[in-house]
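You will see chain A twice below: alongside chain B first, and alongside chain C after that.
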Partner chain A sequence: MTPTSQIQIAGSAAPHDAPRTPTQIPHRGGTPNPSAEALRARFGDAVSRVDVVWGETTVVVDAARVRDMVAWLHDDAGERYDYLVDVTAVEFRDLEQPLEVVWHLRSLPYRRFLRLKALLPKGAPLEVPSVWPVHKGADWMERECFDMFGVRFEGHPDLRRILMWEQYKEGFPLRKDFPLRGRFSRAEQLRQALAANPEARYSMEEISVVEAFSDLPDEMRQRLASGERTGE
Partner chain B sequence: MGLIARPDEKQVVTVDPGSQEGWVTTRLDFLVNWARANSMWPMPFGTACCAIEFMATAASKYDLARFGMERLSYSPRQADVLLCAGRVPLKLAPVIRRIYQQMPQPKWVIAMGACASTGGMFDNYAVVQGIDTIIPVDVYVPGCPPRPEALMYGIMMLQQKVMGERLRDESLRHEIVPDPASQLYIPPSAIDELSEPFGNSVHQTRSGL
Partner chain C sequence: MPTTTRTVEVALSTSGIGPDGRPQRTPLVVDDRGHAVPLEAPPSVEPDMGGEHMLINIGPQHPATHGVLRLVLELDGETVVRCIPHVGYLHCGFEKIGEYRQYNQIIPWTDREDYLNSPGNNVAFALGAERLFGIEITPRCTVLRVIAMELSRIMSHLVWMGTTAVDMGAFTPFLWTFQERENVYNLLEGWCGARLTTSLTRVGGMVADVPDGWVDGLRKFIKGFPITLAEADKMLTRNAIWVGRTVGLGVMTSDEAINYGLSGPMLRASGVAYDVRKDFPYLDYETYDWDVAVGTHGDVYDRYLVRMEEMLQSIRILQQAVDRLPDGPVNVQDPRIILPPKSKATSEMESMIHHFKLVMEGPRPPVGECYVAVESPKGEKGYYMVSDGTSKPVRWRIRPPAFINLSAIPKMVEGHLLSDVIAINASIDIVMGEVDR
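Now for the complex of A and B:
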């Protein structure tokens, strides 16, 4: 019998390669992610500030250049930010303080994390470019951000509400000026919700495989063409 | 089997025990209600943690089969009881309404837990303040979530209610039609009154700005 400690598991990382949970991280300050400097070198004035909070680097950038930056971070051989973790927004109670749109990016090959922030002043229309052309996973995250905060993502292919129903008229629920119970009376909210008629939109015909056949991935089309049943 | 008719002094039934064996007399009401109450098929509408507790109730330890409810009906067209376990967001309101309308008469509804009964702690823009504002409810089971014993007590209360129904009462077979303009079963003023904040949630009216 081999002792348990000597069993080699195929594919396991050697101990010195394994990621360690960092300890003793300062709240402010520390070594910024090298990608922040690379961004500043490449985009210059579009990068206005670099903060390090709890060991994570936040780069405050010009809203108009966000798509270029995310595309560059995605494509550049020295960066390879291939995973868009989250797109969301933060609003502060202070009327003077701008609304922040936040992108969390992770580079799996280099094990780096980078947070991009764009500041949108309150009075102006809340618009930022969509990163959907770079990360397809941004689709629903941007829809959620639009649904909850009313931030418009220019270039998004299908920007409509995702959590609230599409005919929702009360506004954007996570904005600070939105009352917790909504703007309408409970009876009016119910009346509108019951009139939403979800079947008008989500029909079985709409999601049938026959109509969506050309949109399916190749291997699935081949399997279906060879006579495999879809289970409908 | 428990088929014991109540003695009615005004009627005297004479039976010749020798002529035929193995029969029993009862009221038709009683027989039908007895069969209905002990073979209810629940349509589980589980949206939250109450549904976990409902699963525990249906599993072997608490054994919902003792009440004739072991056959969960995932098609509303075969269901007798709509068992709403969990909070119902406004987006789901037309769905639960449609499920209720697809159930054949006679039908009953159990609102399981604080959220289904009143909206619970979710006194916000997204959650229906009690499903009785959308569909008629027969039994409310309090708790967050209710223990299986509480749910079974609610089920037994519903069985008592069914046992008390009379065939003469035609409302059992009539679909309740909502108001055509608003699609609501109860007047809007009643909904607003039912949904008023209470307890700690009266302090949550600030809008933030």
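Now for the complex of A and C:
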């Protein structure tokens, strides 16, 4: 609870001329972010490609090594990517193309921006390591990505739906095979909404908060877990 | 047996009104001889509640949650032990809908996510789309967009200040801030015809140039606004109640704030001088003379101070933007991007073809992707767009600052009192339209 008195100034680790609004950015090519080469030197084969598109460096990496890379980028004195901007995923209209999980990282001290990308081929389970142990801010971003795309983040402390409700059964809304109006008919959606049990929006974790759940008889616990109304 | 003297119980023990209209004082409980039986006093020993935790639910319809946010709190007495937020009540699938819309058709959707900052969202989206198209906008458009962004920052901070003051029991600043906000809305109405959902930009330009005399109205606002702000400042900044209810609440150290991904005034109040306008500038922000407001303690009070100062800095930027506003075209001169004027579309063959192609197919960016961030009033707002060469994006991702700032609320309210949860929640400045999208 002790407030820090020292003011952190972005860009202070690499003092140079004040940054300027970029103009005339080439579509492809340009100077890549030096951190891309550093990553390749450190992790070798785990870095499969470095692209520069519209002035932003994208490093395509091995999904299994992402957490190590993010942790190294976070801790290394020459990189210091301390700010996780975003975690999201991209699925292309060509369903053969692999699904991409994207991490946007910023180094506040060096004023750098880096995009890490992992390609998850179709047919295999969609799993990547969670970067939550490094960046606490990844919590809700990863939950949203799981909610919308079904990508599982290994090591996330509480991976459950966040924007959709927990009993949502139609799948993952931002996947390309998910129709814009939803999978179920309007009648079915309405029926489910009317039959929904609002109390079931308490997750099992919350019910356990009062430590009542574990004390209940087995049979009642099963009924509650399946979302049955308790009836006051 | 002690006889009770509690008024409530005496009143309850009478049977009601007599035939003469006077209250009857006949006791309900009488013995054989018609005498009142004294009521039993409740045992004076309070039950031992130690160790019992209580679950309390705030929202989603509670006005102090600033939208449809639901917080489940575990309380030990009045102290928050744990907070579990629930979001998603306003989820409308903006990102999914965006995949079925042309780039210009998405701009009205950006109005509706952070609806207190519509012009800022419009500008942010247009900047992102222009990066994806490889367009350089005109100098006049650049300055007009700066004006739009700073006006919307003032607008959003005013709503924040007014509603937060109401949360803490101060009603007067609310009226002042909403009066000033009305002036900004009048300006926007004069510019584009809409007040809340402005849809101010198009890819490659603006929906319209500012009308004649508009700049004079803006100058008047720039002159008058600091006076109102000074009034509110006098009312709140040294107010004992305000200070007492905000100081030391929801403290985030600078390292925590960075690690939790906070941005905007939330991050700067914790002593991190990170502002997208300074560190990753856009719209030539580096050519304006202004300062980044930074707090030191990272509590609710510092967030308030940072936002107050940001409004004054916005006025500084606005003044410079008005002074330098160049003449010239607003839109880029590219018929593949910008619609021709209606008179030309109905009289010239070539313009009609361009009009038809733009409306029916929409402009097509090359294959690529970009992430463009701006400093919105809530924090770093980014649009990540992926194009596969068609006229609709493959992916349109909103990086919602309010969503990520809100994700730190369990950390911030832990150990504070229940009434402080309201203050801390207000200090995050959430707009549920943006949190849930």
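The working rule: the second predicted complex is superposed on the first by the 175 of 232 C-alpha atoms of A that agree within 3 Å, B and C clash if a C-alpha of one lies under 4 Å from a C-alpha of the other, contacts with A are read in each partner's own complex, and residues count from 1 in each chain.
Here is the rule we use: a contact is a pair of C-beta atoms (placed from the backbone, for glycine too) under 8 Å apart; a residue touches a chain by one contact, two chains touch by 3 or more.
The structure displayed is predicted, hence computed values, not measured ones.
Once chain A of one complex is fitted onto chain A of the other, the partner contacts of A:D177 are limited to chain B, with no touch recorded for chain C. Once the two complexes are laid over each other on the shared chain, residue contacts for A:K136 go to chain C alone; chain B is not touched.
Put simply, more of the residues of chain A are touched by C, taking chain B and chain C as the two choices. Legend: residue contacts after superposition of the two complexes on their common chain; A:R93 is shown touching both chain B and chain C.
By the touch criterion stated above, A:E37 is placed in contact with neither chain B nor chain C. In the overlay built on the shared chain, the residue A:D68 is in contact with neither chain B nor chain C. Of the two partner chains, neither chain B nor chain C is touched by A:D76. In the superposed model, A:R20 makes contact with chain C only, not with chain B.
Contacts of A:A195 after superposition on the shared chain: chain B is touched, whereas chain C is not.
Contact with chain B, but none with chain C, is seen for A:A187 once the two complexes are overlaid on the shared chain. Judged by the document's definition of touching, chain A residues 93, 163-165, 173, 178, 180 lie at the interface with chain B and also at the interface with chain C. Only residues 93, 95, 163-165, 170, 173, 176-182, 185-191, 193-199 of chain A touch chain B when the two sit together in their complex.
Of all residues in chain A, those touching chain C in their complex are 1-11, 18-21, 23-25, 27-28, 53-54, 56, 58, 82-86, 88, 90-94, 102, 104, 108, 111, 113, 115, 135-141, 144, 148, 161-165, 173-174, 178, 180, 201-203, 205-206, 209-210. Per the touch definition, chain B reaches chain A in the complex via residues 90-91, 93-95, 97-98, 123-126, 128-129, 133-134, 182-184, 188-189, 191-192, 194-195, 197, 204-209. On chain C, the positions that touch chain A within their shared complex are 53, 55, 72, 74, 82, 84, 86-88, 91, 93, 95-97, 100, 131-132, 134, 136, 251, 253-256, 258-262, 270-275, 278-286, 294, 296-299, 366, 368-371, 373, 380, 382, 384, 386, 388, 390, 394-395, 397, 399, 403-404, 406-408, 411, 436-437.
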